[in-house]
Amino acid sequence: MFDVSSLSVTHIISVSGTAAFAISAVFAASNKEVDLFALMVLGVITAVGGGTLRDTLLQVPVFWSQDMSFIWISLAATTAAFMLYGLLKLAWLNRIYLYVDSIAIALFAIQGTNKAWELGFGLPLAPVMLGVITAVGGGVIRDMLIQRPTLLFSKELYAIPVALGCALHALVLHWLPQYADSSSLAGIALIVYGRHLSINRKLMVPQWALLGYRFTLIK
Amino acid sequence: MFDVSSLSVTHIISVSGTAAFAISAVFAASNKEVDLFALMVLGVITAVGGGTLRDTLLQVPVFWSQDMSFIWISLAATTAAFMLYGLLKLAWLNRIYLYVDSIAIALFAIQGTNKAWELGFGLPLAPVMLGVITAVGGGVIRDMLIQRPTLLFSKELYAIPVALGCALHALVLHWLPQYADSSSLAGIALIVYGRHLSINRKLMVPQWALLGYRFTLIK
Amino acid sequence: MFDVSSLSVTHIISVSGTAAFAISAVFAASNKEVDLFALMVLGVITAVGGGTLRDTLLQVPVFWSQDMSFIWISLAATTAAFMLYGLLKLAWLNRIYLYVDSIAIALFAIQGTNKAWELGFGLPLAPVMLGVITAVGGGVIRDMLIQRPTLLFSKELYAIPVALGCALHALVLHWLPQYADSSSLAGIALIVYGRHLSINRKLMVPQWALLGYRFTLIK
């Protein structure tokens, strides 16, 4: 199987993606009376929470206990974002942030699917679930901690492209394993494209797919 | 010990109970702007969340990783409930739903107690706790995710009959293990009866058992 | 290494600290319509939740499954606090409660750091994290369950002295392991002193360390 984690480009995305995840906690908490320490806790949880949930479900050692650089990066990124909060409002920097974040979501999701697949964990469906959990789990815990509606229930396309990308990759792993390398990349591309449509084209969940809408129809 | 999971009637209850748990997520989210995908996530978490918490605490492989049908059933039930939302309002169907849900809560609770007992996990108290966690854990996580007051703190009799049923079974396992078969059934019956009293007789937690009430007495 | 758990004074603090943690759930829920059973659940989660998170991350058996007295103490303390709620308002008893609580937080934190250190888990940073998780994790889960702002985000000095005490101890374990016994005690003293400053001197997180304040500067 294509080992996403062996490439140095993957390493760069992992590092910058971890930072982007941690920084998302600073954005999320920006209207709360949160201090730097709580922000660091929140940044770390956001950055590594998804992978921690994944590893707990897989019952393998949590990934960061074996490479603490993920934690150091999260701490540094949260502190830097706190110090230089004004910079985060610069349009061009915000743009870079969103791209890094999208690519990181995609990479972490496909890595999650691969990890579960290699362990033969509930094939072929569970690896898709664990890919989604890896990518969005940290953000969901973050939102629960700061008591804002979780991103899972926003109309923004967030978890849906992640699930589609992981499902595509899992289907190829199942039926055409010789193309796993390509489908890793295709899955990542699909997720990034979905996030792009959501952020830049304001694509949303269609109304017929909302429970509230169906509910209104019936009443 | 009476192996609840070997009977085919148990299998039927497991399948329909998993579906009932997943459908409860559709009810719980009915006044939120939730899309079908988020609903599927919520349905799966509600259906298998309690057993997942139990298996994580027991440090055994999570049950659904070895039989993914629980996940497929949850996905199918949530999707069907979303599509046919109007049907859920039919009085007779709602009645069947509540019965299936009660029986499933009872079965999953006693199964949870049995699983912990067989592993010798913190006897005799911890198996009672794990029975309760199995039965209500998924619902509690669901309520935290959609940010509504958790069922644990409602005045409805929900977790209390579950705890009583599991405690009865654990007491028999401890003192009269030869009657474990009967006490599995008696525990299930007790839980179902408690839920029946709550739903059909509007039996609630008595006022003297409420902290708010005691608090008022003192002030 | 100094084995904190071998001393009988440690045992006394563990027992009374577990009770104090459980009773904190009664305080936290005092303005909610919570019944005695839900309170017992909340008390147990508050008392053992942090250690349970720690042991789940470390992938070792959860501590209370091997010594259920922690659970029995939590149940008894919650029930007693419910019955004798008026007593909790007595100034001198409240004072004792706060001291016991502070010392327990400190002891559990340093024990958490020691446990992770002995397992060689992500040295030297992860043991600091696990010390904090052990001490404050139960309270954070409690706050999420009753849907009040978590103590992590209060301006009160709560998690910060815990982190400093664990960090001090971890630094000594790393650089001067022969002084580990003393640094256990120094870490505990530092945490208790931090809590004392917070409770009795109303010391708070300084304004410049608040994200909201930085945010206001920029706008």
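Per-chain residue numbering starts at 1, and chain names A, B and C are given in the order in which the chains are listed.
Note that in this section a residue touches a chain if its C-beta (ideal position, glycine included) is under 8 Å from a C-beta of that chain, and two chains touch if they have at least 3 such contacts.
What you are looking at is a predicted structure, and each value in this text was computed from that prediction instead of being measured.
**Student:** If you list every residue number at the chain A and chain B contact, are more than half found on both copies (same) or fewer than half (different)?
**Tutor:** different
**Student:** What angle, rounded to the nearest 5°, describes the rotation that places the Cα atoms of chain A on chain C?
**Tutor:** Angle of the fitting rotation, chain A to chain C: 120 degrees.
**Student:** Roughly how far is chain A from chain B, centre to centre by C-alpha average, rounded to an integer in Å?
**Tutor:** Spacing between the chain centres: roughly 30 Å.
**Student:** Hey, what residues on chain A touch two or more of the other chains?
**Tutor:** 56, 59, 144, 147 - these are the residues of chain A that touch more than one other chain.
**Student:** Per the contact definition, I'd like the list of chain A residues that touch chain C in the complex.
**Tutor:** Residue list for chain A touching chain C: 26, 29-39, 41-42, 44, 52, 56, 59, 61-62, 64-66, 68, 71-72, 82, 85-86, 89, 144-147.
**Student:** Which chain B residues qualify as touching chain C in the complex?
**Tutor:** Result: residues 56-57, 59, 121-122, 125-126, 129, 132, 140, 144, 147, 149-150, 152-153, 155, 159-160, 163, 205, 209-212, 214-215, 218 of chain B touch chain C.
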